[in-house]
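Each of the two complexes below includes chain A, the first together with chain B, the second together with chain C.
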Partner chain A sequence: MTQTTPIIEARALSIEYKFGRVWLNALHDVNLTIYPNEIHGLVGESGSGKSTLALALMRYMAGNARISGGTIVFDGVDITRTTPTEMRAIWGSKIALVPQDALASLNPSYTIGEQIAEIGRLHLSLDARTAWACGIDMLRRVKIADPEAVAARYPHQLSGGMQQRVTIAMALTTKPRLLILDEPTTALDVTTQAVIVDLFRELIRENDAAALYVSHDLGLIAQLCDRVTVLYGGEVMASASIENVFKHPIHPYTISLLASLPRPVNPTHGMETRLPTIEGVAPSLADRPKACVFAPRCPAAIAICHTEKPPLEQINAERTVRCHRWREIADCTLVIDTAPKLIEMSAPPEAGMVLDADHLEKTFGGESMFGRLTKRNGVHAVDDVSVHINRRSTLGLVGESGSGKTTLARLIVGLEATDDGNLHLLNAPLNAAVDARSRDELRQIQMIFQNPNDAMNPFMSVGETLARTLKRLSSQPMTTAQIDARVAELLESVRLPMDYAARYPTELSGGEKQRVAIARAFATTPALIVADEPTSALDVSVQSVILNLLKDLRGQHGTSYLFISHDLKAVAYLADWIAVMYLGEIVEEGTSEHVYTMPSHPYTEALISAIPVPDPTIKSKQIRLHGDPPSARNIPTGCRFHTRCPRKIGAICETDVPPYRDAGGEHFIRCHIPVEELARLQQDSPNPILDAQI
Partner chain B sequence: MLLNQVLGVVRQLIRRPQSLIGSLMVIVFMLLAIFGSSLAPHRFDEIIRGAARLAPSADYPFGTDTLGRDVFSRILWGAREIILLPTITTFLSVAFGSAIGLLIGYYGGLLDNVVSRILDSLLAIPALVLALVMLGTIGPSPVGIIIVIVLLYTPIVARVVRSAALNVRSAGYIEAARLRGESTLFILFREILPSVLPALIVEASLRFSYAIFLTASLGFLGLGVQPPSPDWGRMVNEARGSFAQTPWALWAPSAAIALLIIGVNLLSDGLRRIFRYEGGLG
Partner chain C sequence: MIRFLLRRLALLAITLLITSAVIFALTQLLPGDVARLILGREARPEAIAALREDLGLNNSVPQQYIDWLTGFVTGDWGRSFVSGNPLIRPLVMDRLGNSLRLAGFTLLISVPLSVFLGVISGLNENKFVDNAISIFTLSVVGLPEFVTGLVLINVFALGLGWFPASATAPADASLGDWIRQLILPAITATFVLMAYIVRMTRAGVIDELKKSYVRTATLKGLPRRTVIIKHVLRNALLPTITVVALSFGWLIGGLIVIENVFSYPGLGRLMTNAVERKDIPLMQAVVMVVIFFFAIANLLADVVYALLNPRIRLD
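Up next, the complex of A and B:
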């Protein structure tokens, strides 16, 4: 990158928050430089200060925050000294923000057109008519198909992806010099995210703007950004070009973070491996270490790391790092061990079925009171779905939101009653409703929930929660001493200290809560555990810990999992059998190797293609699903996927229900295109899951 | 855990002057309700010879009424009724209301639809009209007052608890309880109730203040406790006719009612702030 004048440059920036009577350091000595035409990534876990930094660059801070040191020079002016009035002239016109929650940032009582036009009137001094036309033009530029119609609508009438397009259009209206994107795709489906990210890339280049892209998704950063700054505990750990950070990382935190990303396991045929993880938890604002903030979790920490804060060193023109030992890492005298470890398999695989679900059906009622009763015009959430889970194996269930995967899981655990179909547990018929299930049946199926924050009763301690489960579900009555011993054993199995039994959920971090939820699910060693997106609410470094734990416990107890996730990489890591759902129907199933390699159902192909690969040298193939999934109230005729299918072959897709073709080796694809033809069409596409080598 | 939480709430109440004043006022009135009759210099129905229509003095702090009864003593005696009745009605409406609210909030669906509509229709009846009709037919009595107010306030409490229960019914820990085969009673009272407790406490304090108001109003209309017992509301009504001669006989009970309600409202407002609970019906 040529050295020109930066658009924005933060030097030795420190920001403090006031809590009660003390000021706590949220950002310490942060340097960040963004040049014209650059997309700069900002990565960090929750609590690392990345949102504080992103907003501070706009001089936009919470009421209890203050800049305690450093400067922010934007366009030649130090904006740490500007007045609020001067800032208002900059906000929206020279620096624009694309927020994480699009719906919350759009005014619900004005139409889209009115809100965009307002920006034109305010910042560009356009008259009402020109401003409106300009707004329509902006909507067209973010590839909204029918801008006039969309302009007349209210925010809640648009889908999440469309809302995010509108906020981008609004941010770009004034041709800002700097665009700040604060996790703008985190709330979106992976397929929608891919389309939106393509749009960002194109529009930022087109506008000659610079951008700061805040995200916790390393894959996304690798695919989108030119340079990246890694934030941890309010300090910059490393900053460099994308190639350097992803291919030659020299900070132990970056190295560990990259190594902890889930990846499929097929290179080690038959052997179970676990992901390298970062031990411990990120420090909270109040107890950040005085020396190196990462030292307590660092695999390469030595004495000096715990006593002295390393300086932020400028290695060369474009690279900085804050580590005492970067030189050793850079010249390869210090190698941080990131090789996957083998997992102990104490329970050998075993034949036989744990769960047979045949022809499950579930329709939720329609919109009106009458519709609710008659189920006319209802949501057909699960339509004739059959799944089978072997002993000691894991079925991965993937699909976009609204595909019916969570409903299917709830039917299996019995939280929703099936309308039709049969369930068999260990070859014995299983009652559909959880209330009708016997204690033995309940013991055999347990669940891990998506949101760790409401997985435990806030008024019950960890010990009480686990003890209650044991009391209710153990096969024979247990004495208090036995229960206490078992609780201690369970806590140890999820690697929590014994004294956690006395703690309440509010005293635990998200990852710790999820471990307790896992301990609860394993309390009576069930045959099947249903895990509904167990890692999606967690930080990257915690995700790998939880995935490992699930894998370890599976190895020890021989439990089967139904693992639901929209994260195909996590599914690939854990599952040996995968089913892909679309609009209440399974469109492809097979072993994970079969599903992730071609030929695939065009929908699976698009899902895989949408995964951002954490490797900047691999550009994933551009198969994009345009439009939103149709409503499950109104399922398309013929092939359900024909409205979005990039490989649609003709009228047959719209009229005829596609056959469930056998692609060999118990691999099934529901498509009109013959398997051989699919294989030919897809043969030269790279596979972002299997090809990524970090 | 529970004791600590109670202490925490008390500490927060003390810290804020308005809440502290409200709490102290409520405590004073509670003490009056318990000990008032034994502290009173006279019985409530004692007619003091030659002491009719006396202005407030050291002997008769609030003066005497047209019949020569000591207003101060009557207020002290009357404290029991005006505090006891609302306490009972609040307790009962909170008990019934939370049971109904938990049940319909947890089950939802058709049950919720039907019961909620019944509650709505009960809410649509004006309070005083219902009270007049019911007490007119069954005759004025403390039990009658209790029945009327419980009937009026149970739906309100039920709606508040229902909406609080709706927020937690789909929480993971409720579903985990179902997955370990807990009974509905356990789920309602052990899993859900603690989470709706803040809303319930605030609502109970509000109901208490409204119940005092309604009890006093019914007394004023002559539908409360029958003479000669000293009902504050009826004291106001009785003193109305002779306002020109004995204004103190009107002022004293009015001020007592006002102070009690202000105290309860200050306390209720403090609790609402502590539990960060916004809502409730008027």
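Up next, the complex of A and C:
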């Protein structure tokens, strides 16, 4: 790498937060250098300090934070010593932020146009009319169709992808030298994310800017960035070019993190796999180890790691690492085992049917008197959907937001009543509404929710939460001693220490809370567990632990899962059957292997191609779905997907409903293109994600 | 927007209809015969019977209600029971004018003052200024109105002589006289209102300051003043509108103590008089008027709220 002058350089930066009377170190001795035209990735789990660092580079800190050491040199000036007035001249003009939550980051009371024009008036000294025109021009540059109309709208009237485009337009108005992108696509669908990331790449190059891209998604970093810094416990663990970090990682944390990414595996017959995981939890601010922060969880930790903090070593011009044992790792004398574990399959799927959902229908709002009066269409969330789940098997349900997958889950659990269709549980008819279901039926179907924080009563201890489920749903009355014993058993099954029974939700980490949610779901040994995005709110290293746990428990209890996720890799890892939903309809279903390795429906193909591959040497297939999914109020005629389909064959797609064809081996596809043709298209351009080895 | 207004006006009519029925039912529960009440304990039975016939008291209760309601809607509010039996409508209208004047004047003082204090408080959360404002506003709201009112009278009217102690202005008084008379009761009412509006504004400001869009505005490089006034206050003051509307309703009909302390001829005092004298038609009329203004103030608050908040659609 040619050593030009960096745009921004943080040296030995330390930041402290004040809690009560003590100052706690949030960032310790952090070095970060970004060169012109570079997209620099910043990876870390929650609590690692990545957002603190990203904002500190703009000299923007929380009220209880202070810089306790080090310098940040931007454009030749140490901005740790500038006045607020001087910073205001830099903010929005030379450094701009693209925030994580676009809707929350836009003022709800002003139009989009005004919020962009404000920047032009302030930094470019434009008059009101020119600033407005400049704003419209910016909207056009972030590829918003009909920018004049969008400029007159308010933030809540736009879709998530559009809102994020607006924040990009705002950040780029002044052609800043440095862009700070703080998880800008985390809240978006994978298809939208792919389009937005393309846009970043293009605009950053075009503007001759440098960027810091903060993310927990290693795949995204690999596909977008030139260099990457890995943060853990407020310290830099490693920093290197993207190829080095992903192909030749030398820090145990980086190695373990990459190994724990969920991915589909094809084990030999009768065996199944477990993902490698990082044991333990990330330390909180108050109890970070004095020596190496990663040592307590490190698979390669030795005595010195627990007594002495390793220095951040500069290996060569572009690579730094903070580890006592990096030399051993680099010259391969120390190998950290990262291969997925193969274990004997304790309980293979069985033929017996657990759940049979036939021709389910659900429309929201269409039936009400008000809806009829105003002649508004209802939202047809689930349209003639049938799913079948066998004993001990897992049905993975994927689709963008608004595809109806969560509604389908709620219909099965009974939280919403079906408009039409039949449900059968263990071959017996099942009532549609949850309050009409018997205790026995309730016991057989349990649910795990996406956000463990909202799913637990904050005033109930873990033990009370579990005991309550047992008391309410057990088939015969249990004594207190029996309940206590069962609670202990459940905690053990999700690998939580016994004394956690006395803890309250606020005393648990996100992963621990989700384990309690899983324990609660298993309390009644149900036949079916509906898990709605159970890992999306969790950190990468925790996600693999939860996925493994779900796999183990499925084997032990013979439970079936309906596993809903937008993360196709997680679905492919856990599910043996995948159904893909689009606008309330299943467009493709089949075995996990078929759907994931031979995604035949153009929509599935696009979904899979949108997954960023955590391997910088593999560029994924560039299939992009433009525009947002149509509203479920106005479902397109013919094939629902024709408005966005990259493989549309003609008028037939707009007029005729496509057939649901069997492509052989119980692989069904809803498309006008003949199945042989779809298979041929896949062979011509196989998906490179399948070659990714990490 | 028009559909929203029509729907809300229809709802308002229904609200008034229901409350009128409730009020009428409640007055039926009051002990004592109205005719005897009017004519006195010594009245002859024939006279009472004649009056009962005259007042329609021999009709069925629903019939009486319908008669009263039609009268009320068509502007015939009946006559008061008090000596001289004056017509109720001009009396209530006159008092309503006084109440509206006092309410308007009070809002003119209390809203800008309280919003200002609330914003200062919110911007300095838990700092000295915030604590000082909180302690002040909360301690004056804790004092009963007759205490603050009497203290004000003693200091500014009897002591310094700046303002009159009693607020009974003649109908033809000049604007200056009116204001001089309104000041002390308005300040007393402000003391009561201030705490609510200050707390609401303070909470609004604190809430909004935590939102991400404030960070966006700051990191645009906007001056702190613009961030606060243009971005934060635009959203933070929305909930305050509702509190102000509720306060207006209270100012119209609820100033019973203040009006009595300052002998101010408003609706509140008229109401107490009516209750004391069991003047049922007068009571009914006053309550209906007060409720009408309460409902109108709420409707206005909703409309203003929706106009200022683009996230709310009126349809």
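Things to note:
The criterion applied here is as follows: the second predicted complex is superposed on the first by the 670 of 694 C-alpha atoms of A that agree within 3 Å, B and C clash if a C-alpha of one lies under 4 Å from a C-alpha of the other, contacts with A are read in each partner's own complex, and residues count from 1 in each chain.
Everything below uses one rule, namely that a contact is a pair of C-beta atoms (placed from the backbone, for glycine too) under 8 Å apart; a residue touches a chain by one contact, two chains touch by 3 or more.
Just so we're clear, the structure is a prediction, and the values are computed from it rather than from any experiment.
Within the superposed three-chain model, A:299 lies out of touch with both chain B and chain C [touch as defined at top].
Of the two partner chains, chain C is the only one that A:90 touches; chain B does not reach it.
When the shared chain is aligned, no partner comes close enough to touch A:421: not chain B, not chain C. With both structures placed on the common chain, the touch criterion links A:517 to chain B but leaves chain C unconnected. Applying the stated contact rule after C-alpha superposition, one finds that A:413 touches chain B and leaves chain C untouched. Applying the stated contact rule after C-alpha superposition, one finds that A:638 touches neither chain B nor chain C.
Within the superposed three-chain model, A:123 lies in touch with chain C and out of touch with chain B [touch as defined at top]. Residue contacts after overlaying the shared chain place A:109 against chain C, while chain B stays out of touching range. Chain B makes touch with chain A in their complex at residues 1, 113, 168, 171-173, 175-182, 191, 194-195.
On chain C, the positions that touch chain A within their shared complex are 211-213, 215-224, 231, 234-235, 308-311.
Only residues 58, 60, 84, 88-93, 96-97, 99, 101, 104-110, 118-119, 122-123, 154, 156, 167, 170 of chain A touch chain C when the two sit together in their complex. The touching residues of chain A, when paired with chain B in their complex, are 369, 413-415, 434-435, 437, 439, 442, 445-447, 449-451, 454-459, 465, 468-469, 472-473, 504, 517, 520.
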